[in-house]
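Both of the next two complexes hold chain A, though its partner changes from chain B to chain C.
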Partner chain A sequence: MSVMSVRVIVLSACAKPLIAGLAMLLLAGPAFAHGALVDVAEVDAIRIQARYDTGEVMGNAQVAVFPPDDPAQPWLVGQTDATGHFVFTPDDRAGRWAIQVREAGHGAISYVEVGADGTTTITQGSAGLTWAQRLLMIACVFWGAIGTALYFRRPRPAKAA
Partner chain B sequence: MPMPRLVSSTLLAGLLLASAAAAEGTLTLFANGEELATEGFVAPALTRDGWDLRFDHIYVTLAGVTAMQTNTPYDAAAGGTPDAKTTVTFDDTEQLTIDLTDTDADGRVRIGSITAPEGHYNAVTWSIVPAETGDWAGQSMVLIGTATRDGETVDFTLTSADGHDYTCGEYVGDDRKGFVTDGAEADLELTFHLDHVFGRADREATDSMNRLALGFDDFAAGGTQEIALSGLHVGHVGEGHCAVSLR
Partner chain C sequence: MHIPDGILPLGLTLGGWVAAGGLTAISLNRIAAQPDPRAALPRASMMTAAFFAASLIHIPIPPTSVHLMLSGLMGAMLGWYAIPAILIGLAFQAVMFGHGGLTTLGVNGVILGLPALAAFGLMRSMGHFAHPVMRALVSFATGAGAVLLAVALFTTVLLAGLPAHLDAVTERAAIMALAIAHLPLALAEGMIVAAVLTFLRRTSPEMIIAR
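After this line comes the complex of A and B, so read on.
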């Protein structure tokens, strides 16, 4: 049986869904004195999914994001959605960002390195393959090697004189 | 270079080196069995099979406790060895038996303090080992207390001689821990989750913790009995899990 643990998976470092659900509000007819406007823009964002190693997602779990230059103080707090997802966009501070997720006495923390040029590198969380997944990968590589060997060993038709 | 300038340069370099060497603080290590150790399994947090447990003592023998700063954060789920760039060892814990019910005002057991170079200590390794001396020599964990259910009360002593090595990443809890700065104090915590042993009635029966936990029914006869703790992952760092291997 699997042991209860929590794993945070950073699914994408360049997704652009952060504001995808928002629509621009336009007031029909004549303008009013306190009309509201929403500007919509595409941004690069970090999306995490938090789940237990049983596969169960950590829905509505507490999320805290810590910046590289003040790593003991949360820069952003929030909750995962019902599917365990949480999306945020780091500001321009380069270094190691930490994302902590907690639910019902269990928690995990994962990290994203943001370079000075804005590039991101996931430093923990994405490599959390189960042993079954690893064995499947090994089996696929092994099977691929056998297939390749058989391909080159197959009898070849004799060339016409 | 004239001699006075050489001397002053040497002194300046020495001062710079001295100031660099002085960039260290104090790292204190605690153990914590949480309220389940100090208050017990009290309704609604009874054991998964409905027992009220109160503990007189929970002895744990620790060894080889180290704290590390790692280049790459340690992923306990992936296992392996931490990529440490700085390691400090708590010498006092070459072998140390603590009682998780004998706590300070914050409900923790102080293990020790050491002087440590500044930086973020984001990984910890430690072992639970059979005690070499004392009343419970040969045992690594001993839980002594009283269990009650439906008017039945039994006194119990549960002993385990299992040895385990724990490799843990960063502490996970209300605050991030382990940030040592020059001249200041920081702390880390080894956290023992007793609900992984006995389960909890206030969690779903299908909760994976409850599916794995032993409960107390098997020990309802009371007296001194052995308990197998392997595979239960009792040790944590706050809410963060550790990689565990049987010794």
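After this line comes the complex of A and C, so read on.
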């Protein structure tokens, strides 16, 4: 009995890897039997680049994309790359998509209007200064310079003796 | 140090407006109680213009850049006039440069206005030293301290208003990096305030309210 027992033990030890190998073949069979396929197709995508007004790019800034029917809950979140770029493809919901980029409390929002036929119209959140703004600023600077000069040339009260 | 539109939740935005309204009401009352409230208006206008333009002066501090704030100088030179002056300057910065925002005007006014009032209080209580070096040191502390207080308020408001969808760890790290980048600005503004007040004490001491 004792010899038999020993044999059984030995057989079991030899059978373990064999059974395990068979099980692996059976269980892992589908992976070996089927290949993977990747379909590649061209799609229209939206690409943004986030920058500060100093020209510095907002690299690794956080991006939230809000769909037209839920402007409070982001549909997609992600980060810009090191060059400030972020690419996404909106789904088939027509309307105004909002893209918010923020970093350390600074940020901006731009909008993309997606039509029912798939056409897109981009609205920049901050498109820089217009000529009217520049003219108004120049006028303000001149007016400020005149006011400052008049302030320093004002008659001063005589000092008490 | 300007929080733009769309960054803060509604509660903080409204709270900022309420706080800024209260600060403005107190300031206008104190101004109205002065013997001649209009006497300091030209100086307030001039300093508002300087504050308005200062946000365009960027100082590169890698990996970011910061801009001048001048809260300490506004407080030292304008006293209670600093609050309306800062709010007007911020409104023009938002409209003309896109710095900050109109919905966040209240909270930005508090972030820059409270340090100005703190600077005013510090100068009024400790700016009477006879020794010029001590006066310059107090002026430096006024300018530098105002920047540090503004950064602390800015950081606190942003951390209190982080939206749930944001990666909080990344945003906190970015906010802390920006706060640290303002330390050299605190030194720079401290030196600016010390230099300007030292110059004005010699040439036109009547221009300093909190002397």
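One rule holds for everything that comes next: the second predicted complex is superposed on the first by the 89 of 161 C-alpha atoms of A that agree within 3 Å, B and C clash if a C-alpha of one lies under 4 Å from a C-alpha of the other, contacts with A are read in each partner's own complex, and residues count from 1 in each chain.
In the analysis below, a residue touches a chain if its C-beta (ideal position, glycine included) is under 8 Å from a C-beta of that chain, and two chains touch if they have at least 3 such contacts.
Bear in mind the structure is a predicted one, so any value in this text is a computation, not a measurement.
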Partner chain in contact with A:A108 - chain B first, chain C second, else both or neither: both
Which of chain B and chain C A:P71 touches, first, second, both or neither: first
First, second, both or neither for A:Q62, with chain B first and chain C second: second
Partner chain(s) touched by A:F86 [first = chain B, second = chain C, both, neither]: neither
First, second, both or neither for A:W97, with chain B first and chain C second: neither
On chain A, the residue positions that both chain B and chain C contact, one per complex: 52-54, 56, 100, 102, 104-109
Residues of chain A touching chain C in the complex: 52-54, 56, 60-62, 64, 73-74, 77, 79, 100, 102-109, 126, 129, 133, 136-137, 140, 144, 147-148, 151, 154
Chain A partner contacts - residues on chain C that touch it in the complex: 2-7, 42-43, 45-46, 49, 58, 64-65, 96-99, 154, 158, 165-167, 170-171, 174-175, 177-178
Residues of chain B defined as touching chain A within the complex: 72-73, 75-78, 120, 169-170, 172-173, 175-176, 179, 193, 195-196, 203, 207-209, 211-212, 231, 233, 238-241
Touch list for chain A against partner chain B, complex: 1-7, 52-54, 56, 66, 71-72, 96, 98, 100, 102, 104-109, 111, 123-125, 127-128
